[in-house]
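Chain naming follows the written order as A, B, C, D, E and F, and within any one chain the residues start at number 1.
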Amino acid sequence: MLETALTIAFGLFVLALLLNLYRLLRGPTLPDRALALDTMYINTIGLIVLYGISSDSKLYFEAAMLIALIGFVSTVAVAKYMLRGDIIE
Amino acid sequence: MNEIVEFLVSAFILVGAVFALVGSIGLVRLSDFYLRLHGPTKASTLGVGGTILGSLLFFSWQERALQLQEVLIVLFLFITAPVSAHMLAKAAMHRNLKRREDTRGGPWKQ
Amino acid sequence: MEHLIIAPILIPAFAGMLLLLEVRERQRLRRLTGLLATLALIPVALGLWQQAASGDIGVYQLGDWRAPFGIVLVLDRLSALMVLLTAVLALPALIYGSRGDDRRGANFHALFQLQLMGINGAFLTGDLFNLFVFFEVLLIASYGLALHGRGPARVKGGIHYVVLNLIGSALFLVALGLAYGTTGTLNMADFAVKVSELEGNSLDLARLSGLLMWVVFGLKAALFPLYFWLPATYASATAPVAALFAIMTKVGIYAIARVYGLAFSGGALAGLGRDPLWILALITLGLAAVGVLGARRLGEMVAYLLVMSVGTLVAGLAWSSPAAFGAMLYYLIHSTLVCGGLFLLADLVSRGRGELADRLEAGPSPVGRGVLGALFFAGAIAVVGLPPLSGFIGKVALMQAVPAPVYWLLLLGGGLIALIGLSRAGSTLFWRATGDGEERSLDGPRLAATVALLATTPALAIWGEPVLEACLAVAGQWAQPGLYIDAVLGAGESAL
Amino acid sequence: MNLSILVLLPFLGAALPPLAERFRASRTLLALSAAALPALALALMVAPARRVIAGETVLSSLQWLPSLGLDLAFRLDGLALMFAMLVLGIGLLIILYARYYLSADEKAGRFYAYLLLFMGAMLGVVTSDNLLLLVVFWELTSLSSFLLIGFWSHNSGARKGARMALTVTGLGGLALLAGVLLIGQVVGSYSLGEALASGDAIRASGLYPLILCLVLLGIFTKSAQFPFHFWLPHAMAAPTPVSAYLHSATMVKAGVFLLARFYPMLAGTNLWFDLVTLAGMATLLWGALAALFQHDLKGLLAYSTISHLGLITLLFGLNTELAAVAAVFHIINHATFKASLFMAAGIIDHETGTRDMRRINGLWRYMPYTAVLAMVASAAMAGVPLLNGFLSKEMFFAETLQSDRLGALSWVLPLGATLGGVLSVAYSARFIHDVFFNGEPVNLPKFPPHEPPRYMKVPVEILVALCVAVGVFPALTVAGLLAVAGTATLGGTLPEYHLSIWHGFNLPLLMSVIALVGGVLVYSQRQRLFRWHARLPEINANLIFERAMQAVAGFAGALSGRLRNGSLQTYVAWLLAVVSLVLLTQLGPRLLSGDRALLPLDGVALLAGAMLIVAAVITAILHRHRMTAIMSISVVGLVVSLVFVRFSAPDLALTQLSVEVVTVMLLILAMYFLPVRTSAESGVFRVFRDLFLSVVVGGGVGVMAFAMMTSDFNSISGFFLENAKPGGGGTNVVNVILVDFRGFDTFGEITVLGIAAMGIYALLKDLKLTSPRADSTGRPWARDAHPLVLVTISRPLLPLALLVSVYIFLRGHNLPGGGFIAGLVTSVALLLQYVASGVGWMHHRMPGDYHPVVALGLLLAGITGVASWLFGHPFLTSTFDYIHWPLVGKFEVASAMLFDTGVFLTVVGATLLMLANLGKLSLLDDKGAGTGAGNDPDQTGQRGGA
Amino acid sequence: MEVMLALIIATLVGCGVYLTLRARTFPVILGITLLSYGVNLFVFVSGRLSLNQVPVVGMSENASDPLPQALVLTAIVIGFAMTAFLVVLALRGQGEMKSDHVDGGSDGEDG
Amino acid sequence: MPFPLLSLFLWATWMLLNGFSWGHALLGLVLAVVLPLGTQSFWPNVPRLRNFPKLVRFVLVVHWDILTANMAVAILILGPPRRLRPGFVELPLDLTDEFAITLLASTISLTPGTVSADVSEDRRTLLIHALDVDDQDAMIRQIKQRYERPLKEIFEC
């Protein structure tokens, strides 16, 4: 049962990522792309957690945690760029 | 593995995955940026949240001890995700992005 | 004294760190630190040479892990010679730089020391990946140094240099991946053993690894068609930096020699890439001579002379006989020091010529026309290979060891073309001078540094025999990779 | 006495005059200082000379470069003695002459020094007993003559003449070197003695034609043989003592000396005859004809020198022993009369201020004594009986009659010789008549001319006396020397010959008579000839040479400019083309024959892979939409870290993720100052070329990756897995490799990071960039520099991130993590503060300069490494132990942790040094002023706006 | 899976190469970045692919090859340092040459 | 202990990260004290926690809201887009503390259907974008009652 559930969940997350990628490519505006990238980071966390379950290993926890903790910095930087041009001022 | 646990784990991760997908569908489907902004910030948080609940349960069962470590992922995400959304909203307003015509109220000038 | 082997790496490393710690920009303190550290390298290098000259190959097992598992530094005659050469070149260059050029940008002294660390590391390491790391150390430091100072030309040259070398580094990694992926080892000696046992597609991959390394080293050595970046980068670099960079192309040549003569010395891949190297070296030699003739600035001309020496050297290397290798080493010592000196000289000349700088156009007389003219004359004689200076001896030795008509033709013809170019340059700069320049007197230490480097050429001529003998001894050892392999793989078997 | 001292003396002597000049010595003292050592050498030569005359060959040898076969070996035999006497003897006379010739304001010290250098080199050439040594001195004569010709460097003619001479003789010298090396190959030694003894072997060798051509190229260029003669007239730009010395008596004679020296080695073949005779004949005639038409006094002498050198060469070419002796004889004779003529010309130049024979007329009346000397010397040159020139010329005529090598055309040689004689008489007559008679001087710069100072005439007198003495009493004067010189030249016994004035009525005498009469006749028709000559197109060798050189240099510049066109794209394309070539030639189907089992591909991997590929391609395509490209490259980085996760490399995933964030910030920081978009692509060709290279290189690397992954191999990694715990005290093998097994790599790696930070700092220092006032859409920037929500959230995130860093750091040795990743997390947290609150705000809370942080990190790592010395272990040897604490339990302490702390500090320091300084850039600009950028958000009430 | 990885590496390297051949500093930076991704993966796979075999002692029976991982980690760090330097160099170029063209001012040839 | 809430938070995080052991409890305690002290200068005006139980209650409420609202939003997203009634809503703020305002903004963003888009310069108004808003005033009332008031009680009262 878990096998199947994992397979489906993997599929859904990857599908979600593909949709995000579509938005990233499609745009049409920069905020859209940044939003898509941000979402990709978040969905990647899910993917990694799933992978941890499926491989019965906790060694990937830090990767997911790290994305949660610092992944948003990229998005903030892009947003700040759009607002102010200069992200460190 | 206990079937109930297995069922619960499966359910959590599936719910999580579905919400993640819904959020991403929203990102594709909705018609203006401000609307799209809602999809990921909500559904993704719950999507990841669900998955992590599954994971918690799974590892706690596997190791026969409460494994709460992964709560931190959700915690960190809850701290950081609103900031991204906020900053992107500001950026969008600054750029004067088009919004659905029937939107009530309007963005502020940045 | 077993730790002496690592001293050429650690001395500049620690000096560089201390310089980095010094934030109050006390220039005199910085100069003193840098000079002392560089000065210290000379006795250290001499001591190492003494050790190596005996014929023993010293192995230093970092972290006390024996090869092939840990990284080893290996002191054979070749590496000792290169370290010594570096030290001898670096000190005058730094003295020159300490007369004001070091103020033209930040962190000059720290970068200089770390550059030395990288160069010495590259010479001493016995590990392929560690070689990559030290290449990166020396490259990143060289980026900083190449861009030291100001000006669009420097930045443009810097961008070209950096981008090409970044691609080179990527290729190096591919080659290393292949090397590890086929033999499962990174230690050069161990690699040499394992690569000679390969067959099938692993053999093909190992060959590709070797060839890609040639490309990378060819880029560092500035071999055709990969030398185009060099003239602009070197000519626009600050003089002491350009002088130090005279050794950089030699790092590439060293790497070719090391990897060719050791890592790929046995089995089906022995002699890998010999023919292409030979041909490319000859083309380099010819085209660089053309470049010398066409140069419009003295610095550029010296840069092309450096490229010419690269062609000369790599051809000697590709001939791959101990005699040719020994002659090549003699020429390598000669050309490194003389080109280094000429870069300094070009700068001395350009001072006081105002806007004209080192452009080969008639203009105000350089300060100290007589002295500089004499130095230029000597340097030119040395660099084109006219008697009685070291260039002649090197060329004769090479021609004797490499009896290939085309090589002779290019060597002599290239020498003639360089002679034409240099005589035009000298005539323009020193004879056609109109009136006096701005600066009134020649800076003593700068002049001394230049003289010191150029004075090596008569010294190398007078003591030509011992130097040649030493080079031949180096070559003899180089030609027997088994010695190296036994020393490295046999060292500290009991260590673990 | 060692001969090397003899050769060394002039070189040592070269140091004296400049020294004397420095001490303000008088002109005479200067000349004396110059003359001292050559005179000593001449005196020292007396003893060995006696032995030589007695038939001995004096040898001496010192080792210099035995591995090259290059020794300081000298020989004094008859030939060497004769030349050595010329070199030293005439050299001394030249010094005496120069004392008066050089004006007071000239750098006489330098002049004498050059002259003595040349003298030493020349002495070396003639006495070398080692072929390589001979080449050394040979080239030294070229170099010193370059300095001498260019002595009046303010004069364009001098500069060009010097360079031309150097180029031509340099070419010859290099050819000679090659020839000598080949001789060495054949003989097996560079000893002259052995080479001379191996003549047969050399002539029989297949290399002989090549050797001969190379050696002759050296000789002909040096001796100004046709067609390499053109440099000599332009060398006349040198001061006259130089012309007298180098271009009549010595240097140009080095070539013919070598003909004599190598005679036993190379002569005797048909090829020798053809090449040498032909060149000699052509030179003889061409030089003589050209001499006749010169209006420049020295020009006439220069061409006449060329002609006489041709004569000597021709004699050597004839392959008969007697001819060789005649050649040697003429070398002596020519040296004496030509040197004196040059000196006379110099005197005239000195006294009249010009050398133009059209202006110099009737000097007989002003300087009769000089006139007499010059007339005698000219007569010797013309071959008038009772003078030395007559004797050797008679021998020459006789020898041309003997040769039958040309068969039915043998008459050509005597005819040519006679014609040469005619012309020689004609130009000699012109030298006498046109200068000393022929009416009144025309508009001389100095008028009236006087006799020169007394001692300036002495050298001329001595030489002219010699001409007469030899001409009248050959047997008493020159015979002995000639005999030993001839013997040495031939390398065997001397043929029978008689040096006497009268040989009876014979064909040579007839030829002499024809020459004399014909010469006078030709000269009498000079006006007609000059007019004819004037109508000929003028050939200025200097101009042609200069143009040729400029053309060559121009071509060289164009060629190297074309290769090195200053375009990075071209250079990169070259590099990649080489790589492509390697790949295209080396990739074969065998690569795909690996037998390792493949891992199954699953849907997730497929889609993730596809995502990565799409993102990479999009980055490449959309690179002009820069922000989009930054984001798509982030996707690439993200998926790459997923790949690491998937294939069991959590450390790499963590590293990649954190590096990615910093890289994106870096790129965005840069974007502020760089154009947001750029214009469209250019040529289709270039795009196709680039696509081709991309496909080949990318595809090639992909194929190699596949081949590698599918083939089995044995790795040393088992050792690491086994020893990580027992030997390194950690279970995370990757980390143990990084801080222990291969800690030295990491040491280098953090050094790279530190250097990069320093380099970046240096690059950013004083960098002036203009901040754009508005974004790419033209919208002015938002007012809010420090959004409240961002500021407020980012701050508590800092201790949290530090906590996580500590966690990652501490577990690194045993589980994925470590100093590097921890350092990056800390850096990102701090950078976030910079983004949120600004540089100014951070400045109050963080060290102003991150250099020391980097330094401390590196030092910590380095000192940890050095500390192992204290325990007698090599650099970076790690140690660890388990400590049992109450309550806490087992606690590992490893020195590697200290090293890792160094890594941590370096990473934090370097990252902040880079990015914070990059951030500070905009503060230098005035954009901040209007909008409150860089202000402290706490003090401006959180709102950046006005 | 190996085919997938090979394709990924090929694409990364190919796109990287294409971008490094562009005329502006920014795409060159992107190109170098992509190139290093590809090359890092290349070195990574030189230890061969393995699933769920993290090289941590006691975590897996058949641990994957740790050495290439360590090498790649070093390479990532060095690559980061180099990219950072190149980025700032590009800025320096913009500042001194007033152009982001890799050859300075010449705006003619672009691509 | 200058920042007890933060220290507690850090200590809890540390324990979550490492799992329980006495050693880590101790080390976590040290870190939980040292890190806030070390970074003290980075937050000059952090509010003091006044009411811990209320905080717990608040967290639970928010989580519950996230869960329920997520369902609603999912349906909205998947349904016909025309049914949405988007709008910008200006929420007048009673909170004055910056940290509390930020928490409110974050909470609003986390709960589905609303995103806090901006805070006015004078800190008196919060701009919210809502996915589907029928009655703006009702929404404002709800937010004030459900989130702002508890926050005010937790941090300010």
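Definition applied: a contact is a pair of C-beta atoms (placed from the backbone, for glycine too) under 8 Å apart; a residue touches a chain by one contact, two chains touch by 3 or more.
The chain list, named the UniProt way, goes like this: A = Multisubunit Na+/H+ antiporter subunit MnhF; B = Monovalent cation/H+ antiporter subunit G; C = Multisubunit Na+/H+ antiporter, MnhD subunit; D = Monovalent cation/H+ antiporter subunit A; E = Monovalent cation/H+ antiporter subunit C; F = Monovalent cation/H+ antiporter subunit E.
Nothing here was measured: the structure is a model prediction, and the numbers come from that model.
Visitor: State the smallest step count from subunit D to subunit E, taking one step as a move to a touching chain.
Guide: The fewest touching-chain steps linking subunit D to subunit E number 1.
Visitor: More C-beta contacts across C-E or across B-F?
Guide: Between B-F and C-E, contacts are more numerous in B-F.
Visitor: Counting in whole Å, what is the centre-to-centre distance of subunit A and subunit F, each centre being its mean C-alpha position?
Guide: Spacing between the chain centres: roughly 22 Å.
Visitor: Measuring centre to centre with CA averages, how many angstrom lie between subunit A and subunit C?
Guide: Spacing between the chain centres: roughly 48 Å.
Visitor: Can you check how far apart subunit B and subunit E are, centre to centre, with Cα atoms defining each centre and the answer in Å?
Guide: The answer is 31 Å.
Visitor: Nearest whole angstrom, what separates the Cα centre of subunit E from the Cα centre of subunit F?
Guide: Computed from C-alpha means, the inter-chain centre distance equals 40 Å.
Visitor: Which subunit D residues touch at least two other chains?
Guide: Touching at least two other chains: 566, 568, 572, 576, 630, 646, 650, 669, 671, 701, 704, 708, 713, 715-717, 720, 742, 745, 749, 752, 755-756, 759, 763, 782, 784, 787, 789-790, 793, 797, 800, 804, 815-816, 918.
Visitor: Residues of subunit E that contact two or more other chains, please.
Guide: Those would be 16, 20, 25, 28, 38-40, 42, 45-47, 51-52, 54, 56, 59, 67, 71, 74, 78, 81-82, 85, 89-90, 92, 102-103.
Visitor: Please output the residue numbers of subunit B that touch at least 2 other chains, ranges allowed.
Guide: Within subunit B, residues 23, 25, 37, 39, 45, 67, 69, 72, 76, 79-83, 86-87, 90, 94-95, 110 contact more than one other chain.
Visitor: Show me the residue ranges of subunit C that touch subunit E in the complex, using the header's touch definition.
Guide: By the definition above, subunit C touches subunit E via 129, 133, 136, 140, 143-144, 147, 150-152, 155-156, 158-160, 162-163, 166-167, 169-170, 173-174, 176-178, 180-181, 186.
Visitor: Within the complex, which stretch of subunit B touches subunit A?
Guide: 1, 3, 6-7, 9-11, 13-14, 16-18, 20-21, 23-25, 27-28, 33, 36-37, 39-40, 44-45, 47-48, 51-52, 54-55, 58-59, 62, 67, 69-70, 72-74, 76-77, 80-81, 83-84, 87-88, 90-92, 94-95, 97, 110
Visitor: Which part of subunit E faces subunit D closely enough to touch in the complex?
Guide: Subunit E residues touching subunit D: 1-31, 33-34, 37-42, 44-60, 63-67, 69-74, 76-78, 80-85, 87-92, 94-95, 100, 102-103, 109-111.
Visitor: Which residues, counting only subunit E, touch subunit C once they are in their complex?
Guide: It comes out as residues 16, 20, 25, 28, 32, 35-36, 38-40, 42-43, 45-47, 67-68, 71, 74-75, 78, 81-82, 85-86, 89-90, 92-93, 96-97, 102-104.
Visitor: Under the touch definition given earlier, write down the residues of subunit B that touch subunit F in their complex.
Guide: Interface residues on the subunit B side: 19, 22-23, 25-26, 29-32, 34-35, 37-39, 41-43, 45-46, 49, 67-69, 71-72, 75, 78-79, 81-83, 85-86, 89-90, 93, 99-100, 102-108, 110.
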